[in-house]
Amino acid sequence: MKGLQVRNLNKSFGGLVVARDITLDLAPGDRKALIGPNGAGKSTFTNLITGILAPTSGEIRLDGRDIGRLSEAQRVKAGIAKTFQITTLFRSLTVRENLRLPLLERRGLTARMIGRADADPALEAEIEALLAQFKLSAFGDAKVDRLAYGQQRLVEMAMTLALRPRILILDEPAAGVPSSESPLISDAIAALPKDLSVLIIEHDMNLVFKVAAKIIVLVAGAILTEGSPQEISADARVRDLYLGAHHD
Amino acid sequence: MMRALFTLGPYAGLIAAAIAAYYLFPSNLGFVTTVVVAMIFVLSLDLVMGVAGISTLGHAALYGTGAYAAAIFATLVSADPLLGLAVGAGAGAAIAFVSGLFLMRAQGLTLLMLSIAVTEVLSSLANKYSGLTGGADGLSFTPGALFGRFEFDFYGQLGYIYAVCVFLVVFGMLRIVVASPFGLTARGIKESPARMRAIGTPVYWRLVSVYTFAGAIAGLAGALGAQSTALVSLNVYDFQRSAEAVIMLIIGGTGRLWGAVIGTIVFMTVHQVAASADPFNWLFVIGALVLAVVYIVPAGLLGLPEMVKKLTGGAR
Amino acid sequence: MTTILSILIDGIAYGMILFMISVGLSVTMGLMRVVNLAHGGFALLGGAFTHVAMASLGMPFLLAAPVAVLVVMVLSVPMERVLYRPIYKMGELPQVLATIGITFLMIASVNRWLGSSPLSIPLPAAMSGAMNIGFRTLPTQRIYVIAAGLIVIVGLYALIERTRFGITLRASVDHPGTAACLGIDTSRVFLLTFALGAGLAALGGILGAELLPITAYYPLHYMVLFLTVVAVGGMGSIMGSFVAALGLGILDTATRYLVPDFGTVFFYVAMILVLGFRPHGLLGKA
């Protein structure tokens, strides 16, 4: 079995159930979106997959291997990476340095105490390629907190991609990005490697419909339904969920 | 060529300053040596606090352990000073590793308090096991000849040259480490531990490594300090030593090795001059200096040029 | 049996002193998230003012002490506004540095004014000597200290639970952002709390002068002690400070009586153990 398989995943804090029997597959090349109202458990689900939280029960497998007991760092090495909903960058480091760190880590070099961090030509070439891919080449030596917010979101994505993950979780990649800059994000998602499995968690339905082939709807910690964008937009339950407030 | 000049220039400056100090203060070489030892100690703190972002008020634990280890080794095994330095560094690293195993799990006030507690426990133990450490009387010893040939003289001339050489080696080594992948990783952890975990770095173990490495340097400083005064007493573990190192580092500017060097020189010089000029009121000067840095130049003295640039730029 | 009773009485009295001095520190640190190393300075000032009021102005202790506490509270107001206000938003290390600087200035001021030798605060006859409590006699000063500590905790409890100020204070500690949104003037809450904490520290300093002698270097000397009570009890928790102060006071007194050559080992090992298992202290919140 290639890709990510989640089987009957449960998580509760005391009596509060935040993930209920979630079963989900991500095959190589999949583009799926996870949507749901606030408090539906989307962040909890992300944290369960990336290893920040431990599930109460259930299975998480990557290419058939059980990864449910691995630490966050070990899961990154296994091939699961995520971007942060709230931009989490090395703010006073340059864009190049921000990209250099994940590349060093992927090569297992972050414990090395001799030799300059920027001395490896192959690694530096990879940084330049990532900068070019995300149209950031002009800002390579700028400190990250000098960039426009939309560009910071791109650095966020580039750093994650530098890890060469096989499963990529994008946690609200367009959150806080002004609409003028939002094409930056959808273009970047469209340009992701074809064999990468992508799970995008997003509120912006325009973006979801543009990039996802399948949409999963999460409500109160459980999957309500899964289907193509057309099926989901035609589903009365989903419409109630999002438009419900207007019926009252 | 330019680059080589650029990187070697500061070294030439340091060596020139060291030589100048030798001829300017022939009767004060003891004090100047203390400054050099303190610079090594504050460099170690800079690695921990400035580069990796670990707050501590217990750096004296590492210094004191290095000092005692070197002195005890000199009395019981061999008085060779270089071996003594190695033993001090080893002891500093060992105590940093052991205490780092639980310190590096804590943050904020908890971390500050735990780092103080470690120092206090070591201090009490040193006092309790006075058979080994000399207790409250201290442990005096005679360092042997350097390379088996050069005896330390009464005026501290050799001691000064020896301390400067050790400092230059440590400074050069730290420049390499800070520029290395390990150094960049430490800076990354200071900026965002959450992101470091998300790129797959075992943050906790990297912090333990940074702390252990810094422990070796602080232990080395302790050993050097012990050798230059030929005495170790319980004050190596004083809270004041840890606190003053933090003050020196922030005055100079954290996260930059030059900040540690400049902060130490400025603080210790002001301290010395103020204390000898007016033994009653010198603390006013130190307090005012400290507050001036926090309120006026939070980035430390190294941040001054940048601030002046900003101010004049804004006036235009 | 007598030893145990002595340890308990001395330990509880010592704990009460630690509590009075530290509780203000704990609440202000919980409230403003500021690491304040200068808090012991208020205890020093309380002791110094009492000493001067008695020695130079000839006031009796029972007048001098409340006047000193009041003067310290009044003095703390401009200090909060001028010196502390700018550092609330700074990082931990600049806060450490700034408050060490403030400590130095306090020490230097008292040192210049009154010198560096211990400042005596003679107690009135009714509070010194020994008191017969039926089956044995106890040092009267300890009894007064314990009583004062109990009055303070009960008073604080009433203040926090029963008054409007208490409600706003609790709201500001628990949810500073929300409190500000609800129109609570948090900066006024900060100021009042700061002054109250300073006053309590002064009271503790005066009553505890016999155990922790008042000298210019007092704030530096006992800095770690007070911070330990805060960390072990949990920042922002009054009850936590009370439990931690009593526990640490008794533990420290017991080690002094029973295994004096171990010094403060047990005191700090206890702190390491508590913080190892509960990083936010006994009753602190994350």
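For reference, chains read A, B and C in written order, and residue numbers begin at 1 within each chain.
Note that a residue touches a chain if its C-beta (ideal position, glycine included) is under 8 Å from a C-beta of that chain, and two chains touch if they have at least 3 such contacts.
Worth saying up front: this structure is predicted, and the values here are computed from it rather than measured.
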(request) Sort the other chains by how far their Cα centres are from that of subunit C and give me the top one. (result) A
(request) Using mean Cα positions, find the chain sitting nearest the overall protein centre. (result) B
(message) Just the number, please: Cα centre separation of subunit B and subunit C in whole Å.
(response) 33
(message) As a quick test, compute the distance in whole Å between the mean CA positions of subunit A and subunit C.
(response) 49
(request) State, to the nearest whole Å, the distance from the C-alpha centre of subunit A to the C-alpha centre of subunit B. (result) 42
(message) For the complex, give me every residue of subunit C touching subunit B.
(response) 29, 35, 83, 86-87, 90, 92-94, 96-98, 100-105, 107-109, 111-112, 220, 223-224, 227-228, 230-231, 235, 261-265, 267-269, 271-272, 275-276, 279-281
(message) Which stretch or stretches of subunit B touch subunit A in the complex?
(response) 176-177, 179-185, 187-188, 191-192, 194-203, 206, 209, 213
(request) Spell out the residues on subunit A that touch subunit B in their complex, using ranges where they run on. (result) 50, 71-74, 76-77, 81-82, 84, 88-93, 97, 100-102, 104-106, 109-117, 159-160, 162-163
(message) Looking at the complex, which residues from subunit B come into contact with subunit C?
(response) 49, 55, 57, 102, 105-110, 112-114, 116-118, 120-121, 123-125, 127-128, 239-240, 243, 246-247, 250, 254, 280-284, 286-291, 293-295, 298
